[in-house]
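Look for chain A in each of the two complexes below; its partner is chain B in the first and chain C in the second.
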Partner chain A sequence: MTTAVETLAPARALPSARPGTIRRRTHPLWFLLPAYGLLLVFFFLPTVFNFVYAFTDWSGFKAEINPVGVENFTQLTSDGTLFRSLRITVVYAVLVAIFQNVFGFGLAVLLERDTTVNRIARTFFLIPVLMSALAVGYIFQALLKSSGLLADTTWTIVVVALIHAWKWMGLSMLIYLAGLKSIPLEVTEAAHIDGASRWRTFWRIRVPLLAPAVTFNVATALLGSMNGFDIVQATTGGGPARTTEILNIFIYRTFGQGLFAQATTMSLVLFLLVALMAFPVVYVLRKREEVL
Partner chain B sequence: MSRRLQPVFALLLVAVVIGVPLWLVIATAGKSQGEAVDPDLTPPSEWHLLDNLRQVWTDADIPAALLGSLLIVAPTVAIVLLLGSMAAWVLARRGSRLTAVLYALGISGIILPPAVVTVVLLLRQLGLAGTAVGMIGVYVGIYLSTVVFFVTGFVRTIPESLEEAARIDGAGPFAVFRRVVLPLLRPVLATATILICLYVWNDVFYAFFVIGGRIDTLPLNLFQVASAGLYLNNWHLIFAYVILMSLPLVVVFAVAQRRIISGITSGAVK
Partner chain C sequence: MKRWIAIGAALTLGLAACTDPSASTTSGDTVATWADPTAELDGVKLTIWAAQNSNTVPKKVVEGFQQATGATVEIVTVPDPYEQSVQTKVATGDKPDLAFWQPTASMLTAINAKTNLQPLGEAPWLPSMDPALRDITGLLDGTRYAALVTSPAVEGVYYNKEVFAANGITATPKSFDEMIKLARDLKAKGVTPFHEMGADRWATQWWVQVQLADAAKAGLWDRINTGQDKFTSPAVVDTIKRYDALIKEGLFNSDIKTAKFEDQGTALLDGKAAMVVQVNSFFGQLQAKADTATLDRKIGFFPISPSGNVGTFIPDQSNALVAFKTGDAKRESAARQLLAYWMGPGYSDFVTDRNTVSLQTAVASPAGVPKALQDVHASLPTSVGSMQALAVANPDLYINLADMIAGTMTPDQVATATQDQFVQLAKAAGYLK
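The block that comes next holds the complex of A and B.
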């Protein structure tokens, strides 16, 4: 096996060498320069700065910036803020991912047939997706203020996650709808001919074939809500008693107080959290796709 | 679920889940200050919708905020689309390991959160703090990855023979890109335009750090007046503002609904 591949390899390399040199002229790399220059300056450089200024005493109260080692981290871990914000962020992200996908999937199944009523209904469920998240937050603050649901130290995080899911469920619905449409009719017909009930066909054939849509929806919901801000800020502002203070709320608050180094430290923590969670989440979900 | 019950259930769900919150916005925006203190679902005893809209328009200085929003959204979209598709075209057509690495780096911004705090420091060092140029740069940095991702995928579906015909006629790479590739990218660029307009138009978090207090955009203005000044608990004015701010998006949606839907789903399921 391996020898066959090895003998084939140089034979393949020959014709591909010429198009490679042509590509240099027809698709020059300098086309990448403007985009990657801006990416470097406005995206990668600030990220690198995160790794530097998290270890300084940068603040709004004095001009000079001095290195202080891991003092920001020890301070934020010793008063419990770091793990508390991390825990709240992860809980929020997981809750949003669950709610948004359950709602989106339910809506997609309910509104799957292309009838006039369903088309109108889908349009309405897309309105929240287009609205400003800040506006959504204010609407639910006004709606729920008198009920006390936004003032409970245990359950408010669940309520805010539900609001976040309400805003984005239309997007998940669209993606599940596209997934359902992409399943060839022959597959379900074959199952039907083999004597499978509609219920069984649905759960054993159609739902597993939705794996790519699940991957996309779970990944975007998780990562999007970890990076969330507007909805939490507009509904609770992080309260009550800081029980809904996700990382971006903390960053916003400490930045406003002039504690730039602490804000940077948390920004770095958020970066690491997303980076660390993104790879396993995408990997696991992709693996599931392959198995199916 | 039976075929006869399904439409009834679907409409009921729309009415409760979407209708109630939207009705709250319209009803409260139509109330007088006294009636709107404790917002609820009762209709206003007398409609003041137009008066409230007019009051927000002048008191909150919406024209200035609208101008600020347009000043930032339009160049951001133009730059991000042009530079993003230039890069995506070359990335899609060249199959080396270097371009694979560059592609991975280029789309990493879809997942990774931007460093909002240190970007302020960087802009200060560049002399761009609090300026529209700085804000546009930050948005371009954040959303280039989205454009690169969408357009690279799209370019791979275009046969290269179209480019070759122009090349035989003696067109250089820039002419090929401008006259052949760019026109072919129209559908995917339309999608990307809508998505990025949506993100940037509604953004308040990044704007707060970069231009907060210097330039007003619509969401930033709403955020400030609702959380501190003028409108604290003046729900009739907050929701009048929400209506005004959402109108442009509703118009865009009404015009380009099909495009938005196909765009949102195209990148996702494949």
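The block that comes next holds the complex of A and C.
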């Protein structure tokens, strides 16, 4: 994809361009305005407000909004609940990332060959991805209610992470499948001629070549489940004894009590945490791709 | 350059909008006038917000009102958790004309009554209300904001009469200690004395609140509201410890950690447990499971407190309505008129349709009201306010107690966490500076 753009770019550049500038103005620049406008209103401004309101005393109890400095932050850090929720959120995200990728990878390898049975099986594994997350949560809640699996204060978080991974494993499978399919036949053939066993070819040639798919899958699973809410809310509602209360459920509860500024502060903390985790994770995973 | 100007402009515009959208109300706090309940209202459209468990309550009244006045009234069901959904909507500027709302000071504060709600002083139905119930709730700092339409809920003990009789118990206990003694006797005979729902959590707080009834009468919540007393004071902590000790003693169902609201009703009806400390909505569940004759035969109610049989009242969302300041004088007046119709010419039909206790001296309660509900209503005049009724903020005491039942919190931690949250909420509401 990137290579295609790079080869096209010089061809399109006008010969009269000054060195160091790119002149490819096939369309007026203001054509971008609607897109930027939407970006501004729906992504940029909310983020800005997220920062602004975190430093106020906005609540459901009164009409005025006054700045209060860092009071919301000091109060949140003095109370153990925020850190507990953050810890649960990170544990949940890591578990989901592991499960979803292991399942997705296993399914992709299992269903790689284009037989009719495999095609049907792939479709079935993709159905949960299309299902409503709340529906998935409520179905599993109904299934597991009597088993006691959702009442254990230690293991319920693992169960909920498994449910989340189950729902999204079809998507990981699809991306791993695409990765496996894009490995050139010549490479595996060469390995075969060199005398590598199938096992060795798989682990030493094909798996390393899946690095871009791993990057995408791990990053989206990890960072996506950091923002998780629906599945956990529907399955356990944060219970038992708040051991599955991920940060978004905590935020939801706080907002519901009318403490809008405190809830905003927490979502800012979550935003910063996701950003802080995203950069190193994506960096490390991209580093792995460089060896290709 | 142009783009940067555009971004700058949009940004300033956005920041200028950085005020609470619900603040933009026009009408003042002048004493409202009350139109004749059946005056013509052709072309006026009113909206009532109701929860899943209260959306059928106004049906009969609305039919009668529409017929009498020509107004159109739409009942909109707001999804659960109702209070949270309504607060969120109101915070973003979305308001109905009327809504079901818990008429307690803390919940009136939570919806910012002074800004958002119409004061209902001088309401025409007040003189016909039972004097013992007229001012029991619905007031915030001396201003009336809510109209009580049904008998408020009371925290007390629902018991299985047949289990009591089979074990030779002829009289209901006269105090909390007597009740515990009775429970121990029942346990010795192999009966589970109490049933609690640790998984659905919300009923756990009743156990602490009924133990606090006498302290509440002596002004505990006023002292907590002003910071002179705390949830961490011995008066409160001791009740939490007592509850914990009773659970550890084995006086509750063995599946207390995983039991749900639904299980509680089944357990009491089947006689698997002898007593349940609960509120009116629990009886609603029993009514869904059995007919009035069965309930009258099987289920009884008595209020309880350390000193005697004092109930703790806790009005909930299905008991009362509030009228919003919408900025449209005509609709605001029509909303008040609907309340006047409800509590006036429409009240008799309403209580008959709902088969519920009447709050008005001139309107008799229908004959089919179950005995237990009549007992609940009879306990109201002597009962005291709950935390929800009297505290300025309503912390998640029940969640902390459920955590205690699950074993992840100690009674002292429950008290500390509850107090911390109470202070946070009270401060946000402008108390406890």
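Before moving on, here are some points about what is shown:
In this text, the second predicted complex is superposed on the first by the 267 of 292 C-alpha atoms of A that agree within 3 Å, B and C clash if a C-alpha of one lies under 4 Å from a C-alpha of the other, contacts with A are read in each partner's own complex, and residues count from 1 in each chain.
In this text, a contact is a pair of C-beta atoms (placed from the backbone, for glycine too) under 8 Å apart; a residue touches a chain by one contact, two chains touch by 3 or more.
From a predicted model like this one, the values you see are computed outputs, not experimental measurements.
Judged by the touch definition given at the top, the superposed model places A:W58 against both chain B and chain C.
In the superposed pair of complexes, A:V41 makes contact with chain B and with chain C alike.
In the superposition on chain A, contact is made by A:I139 with chain B only, not with chain C.
When the shared chain is aligned, chain C comes close enough to touch A:D79, but chain B does not. When the shared chain is aligned, chain B and chain C each come close enough to touch A:F49.
In the superposed model, A:P67 lies in contact with neither chain B nor chain C. If you count the residues of chain A touched by chain B and by chain C, you find the higher number for B.
Legend: residue contacts after superposition of the two complexes on their common chain; A:L171 is shown touching chain B, with no touch to chain C. In the superposition on chain A, A:F260 makes contact with both chain B and chain C.
After overlaying the two complexes on the shared chain, residue contacts for A:A241 are found with chain C alone; chain B is out of touch. Residues 36, 41, 45, 49, 52-53, 58, 252, 255, 260 of chain A lie at the contact with chain B in one complex and at the contact with chain C in the other. Within the complex formed with chain A, the residues of chain B that make contact are 1, 6-7, 9-11, 13-14, 17-22, 24-25, 28, 38-40, 79, 83-84, 86-87, 89-91, 93-94, 96, 102, 105-106, 109, 111-119, 121-122, 126, 137-138, 140-142, 144-145, 148, 163, 167, 173, 176-177, 198, 201-202, 204-205, 208-209, 219, 222-223, 226-227, 235, 238-239, 242, 245-246, 249-250, 253, 257, 260-261, 264-265, 268-270.
Residues 30, 33, 36-37, 40-41, 45, 48-49, 52-53, 57-65, 75, 79, 81, 148, 151, 153, 239-243, 252-253, 255-262 of chain A are the ones touching chain C in the complex. For chain C in complex with chain A, the touching residues are 2-3, 6-7, 10-11, 14-15, 18-20, 22-23, 81, 83-84, 87-88, 90-91, 109-112, 115, 199, 201, 257-258, 396, 399, 402-403, 406-409, 417, 420, 424-425, 428-430. Touching chain B in their complex are the following residues of chain A: 20, 23, 25-29, 31-32, 34-36, 38-39, 41-43, 45-47, 49-50, 52-53, 58, 110-111, 113, 115, 117-118, 120-121, 123-128, 130-135, 138-140, 142-143, 145-146, 166, 171, 174-175, 177-179, 182, 212-213, 216-217, 223, 226-227, 229-230, 233-234, 237, 248, 251-252, 255, 260, 263-264, 267-268, 270-271, 274-275, 278.
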